[in-house]
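Alright, structures below, take your time with them.
Look at the two complexes coming up: subunit A is in both, with subunit B in one and subunit C in the other.
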Partner chain A sequence: MKTLIRLILTLSVVASSVGCNKDDKASTSTAPASLTIGVAFETLQTEYWVAGYEAIKAEAAKRGYKVVEAVADGDANRQFEQVRNFVTRKVDGIILVPKDAKTCIPMIRAANVANIPIVLFNRPADKSDTKSVAVVADNFALTRATVDYMISEAKKTGKRLKAMILVGDLGDINAVGRRDGFDAAVKEAGDTLEVVARVPTEWNQEKAQAGVVNALQANTDISFIFTSSDFLFPSIVSALKGAGKYHKADEPGHVILGGFDGDATAWQMLSDGYLDATGVQDVYFEAQQSVQAIVDLRAGKQLPEVIRDAGFVIHRSNAKEKAAQMWGANVSRK
Partner chain B sequence: MRKSAPRLLLSALNHATLFLFILVLIVFGLLSPKFFTVAGLTNLFVQASSTTVVGVGMTFVLLTAGVDLSVGSIMFVAAAVAGKLALGGTSLPVALLAIVSIGLVFGLLNALLVTRLAIIAFISTLGTLYAGRGFGLWLTQTRAMNLPDNFLALGASKFVGIPTPLIIGAFVVAFAQLTLTRTSFGRQLYAVGNNLEAARKAGLNTRLLLAAVYMLSGLCAAIGGILSLAQLGAVSPTFGTNREFTAIAAAVLGGTSLFGGRGGVFPGTVLGALLIQCVENGLVILNADPYLYPLVTAALIFLAVLLDSTRSRILAHWARRKIFVEDAV
Partner chain C sequence: MNRATSLASRSLHLWATAVLRSEYLVLLLCGVLFTALAPFTPGLATASNFTNLLGNLAPLLVVATGQMLVLIAGGIDLSVTSTIALVSVVGAFVMNGDDGWLKGSAAAAPAAVMVMLGLGALVGLGNGLAVTKLRMPPFIVTLTTMMFLSGLAVWLTKSQPIYHLPAGFTALGSRLWLALPIAAGLTGFAHVLLARSLFGQWLRAVGFNARTARVSGVPEGAVVIGAYIASGLLAAAASVLYTARLETGSPVLGQRILLDVIGATVIGGTSLFGGKGKVLWTFFGVLFLTLLDNALNLLGLSHFTIMMVKGGVIVLAALMDTARNRWLAT
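On to the complex of A and B.
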C-alpha cells in the first residue's frame, strides 16, 4: 500500500513539474507569468508624466505584472537611491524617467551590474558605456512636422508673418530637440516667416506669460506662435487675450498657434477652433513599448538603443479621426 | 578723511541696486525704443507686482535672520484650492478669501515649527515646501486648471487708470513700509535680527515676533499668488515653482541682509524685484539668445550676495574699531 502511495505521489510530482516547465518555457519566450517592474519617475508635475505613469501601470496590469513605484520630485540623488532600492529588491526590470541625460548614467550602470534590464521612458541618456533602451518621441521630427503644418497655414495668408517660439528648459534634451525641429522648419520658410522672439520659459508658466506679453509688446504684429509644450498654452492665451489677439482660426486677426505634447488644454483649444496643430506624443505606444522592452531584454533579445515614437500631428482636419489616440483628449473626457 | 572712504563705499553699496536699475533702464532703452514706452513700463510694474509682494513677506523673515522656502508652495496650494472652488461655481471674492486664509494657515504652520518645535527655519520651511507641493499635486491630481474669465478680468482691470495688480502691490508695500519704520513691532524685528538672545533678554516676546513674520510671509505669498493667478488665468502643477529664490534675490538685491537686522521694503525690495523683472523683460524685447538668460540671472544673484557680504564686512570692521577705541580709553 505504502509503495502504491509513493508511486502515485512520485508520478504526480513528475507530472506537475513537467507541466511547470512547459509554462515557464512559454512565458520566457513570449510573456512571463509574473514580473515585478520598478517604475521611477523624476517628477509627476505635468499632465504628460501623469498620463505616462498611468499608461505604464495599465500596461503592466493588463499583462498581470506587479509595479513598484517611486517618484523623485526632481531630485536626481533621490532617484539614484530609488533605483538602488529596486536593485536591492531584485525587481525584474526598471522603467526610468530620468531628470536629465547625464544623471541617469550611474543608475543605468547600477542596473547593468545587477543584470536588471532598464528602459528609459521618454528621455534618453547621453552616450556612455552603459546599456539601456530608450523609448522616446522623435522630438525633432514631430516638431518639424507640426511647424511645417503651421507654415502651410501661414502660406494661405499670402503674407510674411512674424513668429515667436516658447523654448523649454534648455537642460532638457527634449526641449532642445523641439527647438531644433522648429528652427529646421522655419529655416526653409524664410519667405513666409520671420522669427522675432525666442522666449525661454524654463518650463514655467509665469515666466512664459511675462515673456509672451513682452514679446507681443515689442512686436505687436506677431501672428505665429509655437510652444515647445502644450502646458504653456494658458500663458499664451492670457497674453493674447490681454492684447486683444485671441481669435478663432476662421476669424480675422487669428494668430496661428501650434504646440507639442497633445494635452487636455490643447484638445479643448482644438475643439473650440483656436488651435491650429499640435504634435502628439503617443503615450500609449511608449508605455506598451517600454514594458515590452523589459520582457524582450529578459528573454535575451537584441533591441535598438532607441525605440522611436513617431507620434502624429493633430489639426482641425483630422481631429475627429485622431482623437482616440490623443492622450489629452482621453484625459479631457475623464 | 580716512573714515570718509569706507562711508562712501558703504553708501554706494547701499544704493548700488538703484544705480544698477537706472543703468539697465538706460541700456535697454537705448538698445530698443520699444522698451521705454508707457506700455513697456506698465508691463514692467504689473509683472513685478507679484514678486514684489512675495519679496516683501520674505524681507520680514530675512530681517529676523530667518528664511521662508515655502512661499512658492503656498502660492501653489492657495491657487489650487481657489481654482477648485472657482471651477465648482464659488464666487471670486470667496475664492480670493480662501487663498488668503490658506496663506495664513501655512504661515501659522511655519511659525509653530520654528517657534514651538524650535526647528531651524531653513528645515521647517523646506519641509513645508515639499508638503505643500505634494498636497497641491494631490489636490489637482496634476491636472492644469483653466480658471473662469473673471480671474483674468481682475488682472486686466484698472482703477482710475492704474492697473489693479499695481494698486494691490503698492498697498502691500506701503503697509509693510509703515509697519517696519513707524511701529514698535517693526523696530523689534530689527532687534531680533541683530541679536535674538539680546532681544529676548531685553524683554521682547521673540517667539511672538518670529511667529508674526512667518504668518506675514504666508499672507504675502498668498497675495502674490492672487496677482500671478490674475495675470495667468490658470493653475498648473508648476505654479509658484522657484518663486522663493526670486523673492530672496529681490530682497537681498534691495539691501536686506541674509544675516538679519538690516534692510527694508522701500525702496529696497521693490527695486530688487523691478531690477529682476526689468532684465527679463529687456532680454525678451531684444530677442536675446535664450542661453543668455540663466547667465544674467546667475550674475544678478551673485551680485546680490556680493553686495550683502561686502556691506556686512564693512559694518563688522567698523564695529571692531569702536571696541578698540573704548579699550584704549
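On to the complex of A and C.
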C-alpha cells in the first residue's frame, strides 16, 4: 500500500507540474496565426467518407490550416470522447460526421459550452437546443431527380416494371431523405412501377446482399433497383450476377440501376454501361463550405442552420460532360 | 571487477524482479506513459483532460469489473456489449418524452434505471444457467447471447435511436460528480465482495480448479451463476452511464468496446484461465487503456496509426504479463 501511495504522490507531482505549464501556456496564448480544425468522422469505411475527409484536408491545407483527425469506428461514445478531446486541445473549430442525428447532440453541446464553432459535414443533427451548422446534400431532391431519370428510362420499355429500393440506416436522416425522395418519385409513376421490395440495409453490405438475394428469389422479375448509397452496388451486382440478371443497358434483360453518392464503383459501372444514373454529392463543395463555415462562425457571422449541396444527376447521356465534377470519377482516375 | 559486475547484475535482477512482481506494474506503466507523452501532447496534462479521462474511465471500469468477475470464475462474457445496447433501448422505451411508457412521470427515470438493472441481471442469469445447467461452453453461450440481444435491440427500435430522455437521467452522464460515485460505489462493492467475502473465495476456488472446489463443498453452480448475474448487472449499470452521456437510447451502443473491456481486464492482470484477479488490477488496466486512447487522440495521430499503436501496446502488455509469470515461476 505504501508503494501505491508513493507512486500516486509522484504521479500527482509530475502531473500537476506539467499540467500547470500547459494551462498557463493555454491561458496566455494569443489568437492563432493559423487555425487548427478538429475533424471527427464516424467512420472511414466507405469511399465517400474517405473522399470527404481528403477534400476537407485539402481545403484546410490550401488555407494553411492544420487538421487534427479522429475516427470513431462506428462508436458514438468514442466519438463523444474524441470531441471532448478536441475541446481539451482548444481547437479553433470542429467538423463532425456524426453516427446519427441524435447521439451528436451532447457533442455539439460540449463544443457550444467551450465556444468552439462546430459544423456537421453531410449529416445534420435533430432539432435541439444546441447550435451548429450542417452542410448537407439535398437528399430528397437529388434522389427524386435521380429516380425520375430512372423512371424515364423505365417508360421506354413500355412495360410496368417491378422495383426494389435498398434503404439505409433510418437513424441517419440522409437515409430517410433518400427513401422519401424515392417514394415521392415512384408515387407519381404508378403506371410504370410497382415497388415490390424494400431492403433494410442499415448501411451494411452483407445485410444488403442477403436482402437483395432474398428479394430476387421472391420476385424474379424485378427489373428496377435503386440503392440509397453507391457503396452497396457490389452487393447488388453480386446478387444480380447470381441470378443471371446483370446486363448492360443496351442488352436484353437489363435491370435499370440507380444510386446515390457518385463513388468510384458507380463511375466504373456507368462507364461500362451497367448503371443508368446516380445522384452525385458535390464533396468538394461540401468540404469548402464546411471549412468556410468555421471561419465565418469564428468571425461572428450569422449562418443558416443548413447549407445545401444541390448535387447533380449523372447518367450515360451527360457522363463525359459531368465526369470532372464527380468525385468518384476523380478517385477512379487516381 | 568481476565481483562488482556480478553484484550490479544481481541488483538489477532483484530490482527487475521487484518491479515485475509488483501488482502496481500497470499503474507504473501508466505513469511512464503519461510522463513520456505529456510534454509532446497538447492538452494531456490539463485539469479539463483529467475530467475527460475520469468521465471516459467510469463506465468502462464498471463493465470491465463485471467481466473480471466472470473471468475469475473461469468463464468469459462476450454478451456485455449487446447487454449494454438492449438495456439502453429498453430504458429509453420506459422513460423517453415522446412515447415512453412512463412519459412525463417523475418516476420515469428511477423506474427506467431499475428496469435496466433488472434486465441486465436477467441476461446474466440466462447466461449463468446455460453455462451451469446445460454445461455449454461460456464462449458459445455468451457469443450466441450477444448475437441474439444485438438483433433484438435493432428489431425493437427498427434501428432508430431514442431521444428526449429525462434531464434527471441525462445528468448522470453529463455530471462527473454523479457518474464517478456510482462507478466507485459499484466497483468498491465488487472489491469487498471479492476480497472480503466467502463468495470471493469461492469464486477464485471455482476458477482455479472447479473440480477441487466442488469436492470441497463449494456450490459451484450458484457461484458461476452469481458471477454472470454480476456481469450482466454491471454491464447494465455501465449502459445507464453511457446512455445518459449520449442522451440517447441506441441499439448499437457499446458495440465496439468488447476488446477494450477484455483487453483492460487482462492487461490489469486478471487471468484468462480463471482463479486470479482483483478490482484494483482492473482499475489499472482500464486506466492504462483509457489514458493510451486519450493521449493518442490528443496527439492527433491518424485513425490507422492509433489502431496499430493501441494493438501493439496491448500485445506488448500481454507479452510482459507472460514474461512476468515465467520470470516469477523460475
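Here is the rule we use: the second predicted complex is superposed on the first by the 301 of 334 C-alpha atoms of A that agree within 3 Å, B and C clash if a C-alpha of one lies under 4 Å from a C-alpha of the other, contacts with A are read in each partner's own complex, and residues count from 1 in each chain.
Here, contacts are C-beta pairs under 8 Å (C-beta built on N, C-alpha and C of every residue); 3 or more make two chains touch, one makes a residue touch a chain.
Quick caveat: nothing in here was measured; it's all calculated off a predicted structure.
Shared-chain residue A:Asp73: touches subunit B and subunit C both. By the touch criterion stated above, A:Trp49 is placed in contact with subunit B alone, subunit C being left untouched. By the touch criterion stated above, A:Gln209 is placed in contact with subunit B alone, subunit C being left untouched. In the overlay built on the shared chain, the residue A:Ser235 is in contact with subunit B alone; subunit C does not reach it. Using the contact criterion defined above for the overlaid structures, shared-chain residue A:Glu188 touches neither subunit B nor subunit C, since it reaches no partner. Contact with both subunit B and subunit C is seen for A:Pro200 once the two complexes are overlaid on the shared chain.
Look at A:Leu170: by the touch rule set out above, it reaches both subunit B and subunit C. In the superposed model, A:Gln217 makes contact with subunit B only, not with subunit C. Of the two partner chains placed around the shared chain by superposition, neither subunit B nor subunit C is touched by A:Glu305. In the superposition on chain A, the residues of subunit A contacted by subunit B and by subunit C overlap at 44, 73, 170, 200. If you check the complex, the residues on subunit B that touch subunit A are 32, 34-35, 37, 39-40, 43, 47, 50, 130, 133-134, 137, 141-144, 146, 152, 155-156, 228, 231-234, 236-242, 277, 280-281, 284-285, 287, 289-291, 293-294. Chain contact summary for the complex, subunit A toward subunit B: residues 44-47, 49-50, 73, 167, 170, 196-200, 203-207, 209-211, 213-215, 217-218, 231, 234-235, 237-238, 241-242, 263-265, 268, 331. Every residue of subunit A that touches subunit C in the complex is listed here, in rising order: 3-4, 7, 10-11, 14-15, 18-19, 21-23, 26, 41, 44, 68-71, 73-78, 80-82, 84-85, 87-90, 99-103, 105-106, 126, 169-171, 200, 202. Subunit C makes touch with subunit A in their complex at residues 22, 24, 27-28, 30-31, 34-35, 38-39, 42-50, 52, 55-56, 59, 154, 158-163, 170, 173-174, 242, 245-248, 250, 252-257, 293-294, 297-298, 300, 302-303.
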